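Just so it is clear, A, B, C and D label the chains in written order, and each chain counts residues from 1 on its own.
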């Protein structure tokens, strides 16, 4: 059963140096505040997993929390590049960043396999591309019925998955709606899980398009209103497009970025702002 | 006739390539602009599919990202990301994959991964693959929209992120890929289509006021020009009005 | 785009002798009226696919429409056996019935593979059972990453899938909610599809737990209120448990069953009743 | 003390085996009766999972089928059938799989497929596997509830639909199955548990008024009896009242 905890206690309990950690949320419902808490707690040597590492991963990478990134698209959506990510890959700053690179279809299926208790997934993917030449977690597999060759990718089973959702009830059942990405799969694939929510309510009113994760499939729930900012929570907030643009400036310069990290560490930046 | 920019010409030309009722898998940026413009002009029943999980979105403005709330709120159905790729893209249910590119080569291969020939030590680290490799593999055909320069239009991409026609001559079919691959490339200068036999991209149209020489200057390989080179019709005032209204609504 | 048609026209257009046909619906939303229309149109030599062949398949089998059944559980749920199914398997009446037998997990994954455009699916299943000894569509497969042996089953891609749903709009977009079984997968796996609905409406109001199949993924929509009886359509009708019990009597005796078939053929039984 | 039937004793004994907070994958019929009784008596927070797609159902009466509307309407979450098996059952998230059986053997193997030794020409064609093979494989442990007779309680099942302990002696582990398999069998006569070493089912308790001789008569193999044979406590009036109320509500 999920325990309702503070964000800092939940991150302290669940996230350890060296862990494989997935903060998921496909543009919508990105658990940014939890990422900041990881920076604040100075976690190190994490293997970060995420289909679309965007600014929250740029922040974690720039703050030196990560030694490896498993991903399929790393950019500032609608704006451009991730400068901290590029700096880490191109110049090893602040620490070298190993990368394991897939496509979205491959990553989504890796989570599905992880959630399904299978060691691998099968897809029609990567054929003809250079990705199998640089990523050793892409292999051919033969259909035992037709003889056709397809592509296999291994399951992802993070030590910890963190997602953001709209609501939880006091028993820790979690409800989310709108674009739900691979959040359910990430939670189910992980050994431990934390869900930050906009609010904890007495009862989860059913919502069109809503999905419920039962309390017994989640370890911790933390109430963090606005915890997805500058991403959004449908029904609670709008995407802050201006912040994504502003991040381009903050992140372009190492010194300016480090001042931002200091603000996070001092507790001044509680949400992305 | 109103004046317009090369980018506007490109978006209008790309929008015109789409027709009503088609199912279109839309990348963000230039492809999304073109697809939404098509839906607001001649193809109102174009079905827009975004990898974030929105099937049949009908946004009133240009979304800033593939995950904007407007895409989910106006969709016929909202689904999880694994389902987008497994149930809808992979089986070949989508007519057109509409992609951008950082680098595009003579055979329509797309690079959005690294610039430079050492993957481990790239000159420029780009965002990576996203949904593009499987969009390029599994849609019935692929349209690419890209601003053209000698840097972006190269003889051979540094990294094949999304497979086009390989090194041509039917390589794509031999790999067992089901979709036809890139059948149309639209740039700010003109329009390219693959030669039916060699699959090399051939200039088939120039935009109004653009010379073949200008296109050649912006092409990183020895440009081939179609025997019957067309000129793209200029944007109509309706097209420009619709395009500007879409952009205005999104920035307000 | 789905065409809105009458049930008889849709079945005549889509279902041909010798086809592989899946009528799906997991207890809820079973397309019973469409099954009766297939009996009325005297289709023959069908390969019938269904996870839970219950009374509608008992009827199709007894009426001699089927030469083969692919399934995972054949019974009258909450009542007992299917007498027409047993008679066909044990005595070849009215025609012999070939069977291909799986588990629910295997069948569900066969539909998933079919919907996904893959030739096979992988699961942890069948291990130690006698099913692989009698069913040749169950094979071992090795994980290319861990070396572990798992089980593969081939995709199901029916010629026709038929499901029942609550509503469609006039453009043919289909909406269903409640227990949705493998209905989406069956439709997406099939070459052709028919959805019978309780009603065609001007606009599909979003519903909690609702799922929409876009018009362009469906071939025909037919308005058949009560078309799931004696199964039910959540929000429209209740399961008719008495009818399931009554079927036990009708189906136990060949003559009584044949009188029932005549009533269906004469158009007297339009719904199960 | 009120009177009760052997079936009521069986349901009460089966219900008592479940404890609060457990996640229980429930087959229809006897298992569903027992699981719902447990939820209405000593284990209100028992989590009931039905293969039809209902996670955490809280029905007020006994559903006639695994797909009754009441299961969806009272569930914490309603999901598709592939998800039930792939995301919830297969990874080992369920504590107890609660199954019935047409035939059960000395090592807890279950047959619900055919009676007779020729699969192609069976004496009796049974419904088949349903969800049981993977429930038996992937739940942490399996409880079986079955009416006992020489016909149903056999030395070796005619067909292994759901694997128990094979022919015993650790065969199950050698096959790499993750769950512990059948750890408890409850009949209308008594309770059986597998011997820790051989995995043969051993009679560990008789229901009140039942003799070992009666159990032996209803067992198709040479019955082993535990050194310390228990007697099941009789149903309490609360248990009987709850059971009868559940059944009454479902038939009204």
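Throughout what follows, a contact is a pair of C-beta atoms (placed from the backbone, for glycine too) under 8 Å apart; a residue touches a chain by one contact, two chains touch by 3 or more.
Bear in mind that the values here come from a model prediction, so they are computed numbers and not experimental data.
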item	value
A-D against A-B, pair bridged by the larger set of C-beta contacts	A-B
Centre distance in Å when chain B and chain D are each reduced to the mean of their C-alpha atoms	57
Chain B and chain C: spacing of chain centres that average the CA atoms, whole Å	40
Rounded Å distance, chain A centre to chain B centre (Cα mean)	28
Per-residue multi-chain contacts in chain A, two or more chains	112, 117-118, 123-124, 148, 184-185, 209
Where chain D touches two or more other chains, by residue	86, 90, 138
Category of the chain touch graph - line, ring, star, complete, other	other
Chains grouped in pairs wherever the two touch, ordered by label	A-B, A-C, A-D, B-C, C-D
Touching residues (chain side chain C, partner chain D) in the complex	26-28, 51-52, 71-75, 77-78, 81-82, 85-86, 89-90, 101-105, 108-109, 111-112, 123-131, 134, 148-149, 178-182, 184-185, 209, 231-232, 234, 238-239, 241, 244
Chain D - residues contacting chain C, complex	28-29, 51-54, 64-69, 71-73, 78, 80-82, 84-86, 89-90, 113, 119, 121-134, 137-138, 159-163, 166, 171-172, 175-178
Complex contacts: residues of chain B adjacent to chain C	21, 23, 47, 55-56, 76-77, 86-87, 90-93, 138
Partner chain B, residues of chain C touching it in the complex	1, 112, 115-118, 173, 184-185, 188, 211-214, 216-217
Partner chain C, residues of chain A touching it in the complex	117-124, 137, 139-141, 143-146, 148, 150, 152, 154, 206-210
